[in-house]
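What follows are several structures.
The same chain A turns up in both complexes below, where it pairs with chain B and then with chain C.
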Partner chain A sequence: MACDKCFEKPVIKVTGSENSFCKACFFKYFEKKVKKTITKYNLIEKNDHIIVAVSGGKDSTVLLNLLVKVLKGRDDVKITALAIDEGIKGYRDKSLEHIKKICEDLKVELKLFSYEKEFGKSLDEILKTYKGIPCSVCGVFRRYLLNKKSKEIGGNKLATGHNMDDEAQTILMNNFRNNIKVSARMGPITGIISDKRFIKRIKPLYFLTEKEITSYAYLKGLMDKFNECPHDSDSYRAQVRDMLNDFEAKYEGTKNGIITAFLEILPLLKKHYKEEEFDEIQNCKICEEPCSGEICKACTFVEKVIKN
Partner chain B sequence: MKVYIEKLDQFKEVDAKTVKELLKKLEINPTTVIVTVNDELVTDEVKIKENDEIKLLSVISGG
Partner chain C sequence: MACDKCFEKPVIKVTGSENSFCKACFFKYFEKKVKKTITKYNLIEKNDHIIVAVSGGKDSTVLLNLLVKVLKGRDDVKITALAIDEGIKGYRDKSLEHIKKICEDLKVELKLFSYEKEFGKSLDEILKTYKGIPCSVCGVFRRYLLNKKSKEIGGNKLATGHNMDDEAQTILMNNFRNNIKVSARMGPITGIISDKRFIKRIKPLYFLTEKEITSYAYLKGLMDKFNECPHDSDSYRAQVRDMLNDFEAKYEGTKNGIITAFLEILPLLKKHYKEEEFDEIQNCKICEEPCSGEICKACTFVEKVIKN
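Let's turn to the complex of A and B:
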């Protein structure tokens, strides 16, 4: 078997097609896909200040490298990296060291915020008393800080390393839980309405699988030892991910099928939920961040889980 | 042959002629790993030999 483009030795067979690529042709395929996503969905515009959410994991490391590469020579677009230290000993402390080095090498400014400083306790401390699902509290705090801090830094868009696997999992999870309204905010560029309280999120890796991103990271020498979060196996997402991977192995192209079908109906979902969404957004009475009730979820967790 | 499985941080002894056969014997879903043979990334069709250094690197990492 040889590379479909140049007959060199292949390193990867890409998902959802019969194409196998050698290292050089895979880089071209990968980078072209990212550029096409950026262009097709208008992810980056003139004078943007892009905040790149980085964790030190492979997705955000690849994302930051690619955005720096794609935006080289664009003096009108600024990039700042933003990392959140949840306080998970043996996991996040290691990956943060990796991202600090990557940002130094790429000459990108890194802004670091921690749960301990922002909310009063690290995740490890919180979990000593909180007996719920770790991802519930962690996800709320992380999303809250990403939105709030991106705005404070002066960004107008937040780029995340979400990939095809993440998106296909979320689509299924929202369907299984009858949460279609949440799906209306998804896609390569998020949001239903334009509201300055919410930073627009962009996902340049949207059409690439986790396997393709890991392969790219390996071939580019961007791999650190990307550990799995120790709380990951507790999550509903992990179960959906395993199920979806089993399905993908049996019926290749499943993940691609899920997101392609979803993107077909997304305009209808956005239209359907637009007015309802606009009416519901309020400002949290404690922190003034946007939320659907009187008190935002982050402040609710702080009151219930940290102060008690 | 000895195979390093990153997720488990363990070596396992397996007898296989191709990467595909190796993953099947280890009951590892090919969508969840990338495979390197002597530090080169390879596809599932690649033939493997006794003294090859084989690593299965997990594609899953927490965000």
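Let's turn to the complex of A and C:
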């Protein structure tokens, strides 16, 4: 058995017809896919300032490495890394070291924002009194800071490490829970184009599976310091993920089928839900960030959970 | 614990907020849901001649019973039962007795068509030489006869026993396999409205789960003679079914979420795929029935599998 592209020994099988690759041909396949996604969906344009959300995990590490590589020599496009320090001892402190080292190696400026400074308390402190699901408060704060800080830094796009598995899971979760309207805001590039209060989000790893990204990170030697958030408890997503992995193992191409079918109807969804979406967006009366009610979710949490 | 509607002892739990029902209140709930589906989606109109596809299974047995009940006194609407005899010894011969008895009891005329007479051979005979999956040839023949014979009998609508489980499974299967275009032809009422070559299909049990229909059939004493086709081998559907049952057990309302989300986007799909669909439909050069190529799938099978 040889690599489908050359005569070397294959190290990985990916989905598709030509699917056994040696290390070098896998890197080519992987990087070509990222470039194709960027070109097809116009993810990067002249004079962009791209903020890359980095968590220290495999997806965002691979993303930052590849964006730097792809944009080498493009003096008109600027990259800044953005990390959020939730304040989780034993996890974030370790991954922050990793993030700092990566950014140093790649010569990318890193902007760091913490819950403690922005909201008054670290997540560890919040959880001493808050007894809800950690991810519910943390998710609100993280999304809030990613949008607000990306704009403050002067970015016009936020690149995230979302991959095919993440997207296929979210599509199904939205179907199972009758949240189809939320799906209208998904895809390789998202954001209400004519509303500058929301930064556009781009997902260059959209067409790559988790397995492919993990393999790429491992084969490129980017894997050694990854660890997982101790509060990772989204059991619903975990069950959808396990189910999808089962189907993919039995019926190769299932994840790809889901996102391809979704991308076919996405323009219809975007068109249909656009007006409705515009109507709902106001500005928070406390922080002036965009929100669907009078007070945004982040300020509501600060008032209820942190100040009390 | 009492029934959520009265003070009797409950016999079943259904999804939703008021969900524990005694026998009488469950019958009311069930029949009200069917009536509401018929009204909301305009499944039955003045002067309709409705052909009911009966297999002898629980779904079509419940369907025929309910349609007769709902349409009692409506002299303008005619019902005819249509059964297909594939020629499967030990299965269809038994269920045909059941079908004949039901139709006799309900005073509904039964029209019976067999593969042997229509195509020259019974399924049992076909399978002596045909080595493909039985369901692939049988499904083509059955769908072909249902459409053609319904029109010949003079019907303008074909009622089938498809339930919420069937529909949720098909929606997901189409998503997983990137067949979203096929989904545009689904819903409680289907058929290309301005193309008389296709009979409109109606699904009055659309919003009822398999569990509810089985319970209704059992509690109404309609259950005793059901058996299953020995060739039932759609393992892909079976796996999607098992997975959905698992999710429903853990996250009540999953199936309902899937069809509700789907019905929200269905008008967009129908509008989008309509023109494309019209372009593709020709008439078979052998039998003149509508098809997507020059020769329809049924005639292709007759030429390849039966005549050779």
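Criterion: the second predicted complex is superposed on the first by the 300 of 308 C-alpha atoms of A that agree within 3 Å, B and C clash if a C-alpha of one lies under 4 Å from a C-alpha of the other, contacts with A are read in each partner's own complex, and residues count from 1 in each chain.
Methods note: contacts are C-beta pairs under 8 Å (C-beta built on N, C-alpha and C of every residue); 3 or more make two chains touch, one makes a residue touch a chain.
Note that the coordinates shown come from a computational prediction; the quantities given were computed from them, not determined experimentally.
Asker: Which partner does A:L219 reach: the first (chain B), the second (chain C), both, or neither?
Answerer: In the superposition, A:L219 touches chain B alone.
Asker: Scan A:M1 for contacts with chain B and chain C and give back first, second, both or neither.
Answerer: first
Asker: Identify the partner contact of A:V11: answer first if only chain B is touched, second if only chain C is, both if each is, neither if none is.
Answerer: Touch partner of A:V11: chain B, not chain C.
Asker: Give one of first, second, both or neither to describe whether A:N175 is in contact with chain B, with chain C, with both, or with none.
Answerer: In the superposition, A:N175 touches chain C alone.
Asker: A:L112 in the overlay: touching chain B, chain C, both, or neither? Say first, second, both or neither.
Answerer: Once the two structures are laid over each other on A, A:L112 reaches no partner at all.
Asker: Is A:Q239 in contact with chain B, with chain C, with both, or with neither (first, second, both, neither)?
Answerer: second
Asker: Which partner does A:I258 reach: the first (chain B), the second (chain C), both, or neither?
Answerer: After superposing on A, A:I258 lies in contact with chain C but is clear of chain B.
Asker: So which positions on chain A get touched by both chain B and chain C?
Answerer: In chain A, positions 246 sit in both the chain B and chain C interfaces.
Asker: Can you check the complex and tell me which residues of chain C touch chain A?
Answerer: 171-172, 174-181, 236, 239, 243, 246-247, 250-251, 254, 256-258, 260-262, 264-265, 268-269, 272
Asker: In the complex, go through chain A and note every residue touching chain B.
Answerer: Contacts found on chain A: 1, 10-13, 15, 20, 23, 55, 57-60, 91, 161, 209-211, 213-215, 218-219, 223, 225-229, 231-232, 241, 245-246, 248-249.
Asker: Name, in rising order, each residue of chain B that touches chain A in their complex.
Answerer: Going by the criterion above, the answer is residues 6-7, 29-32, 34, 36, 40-45, 57-63.
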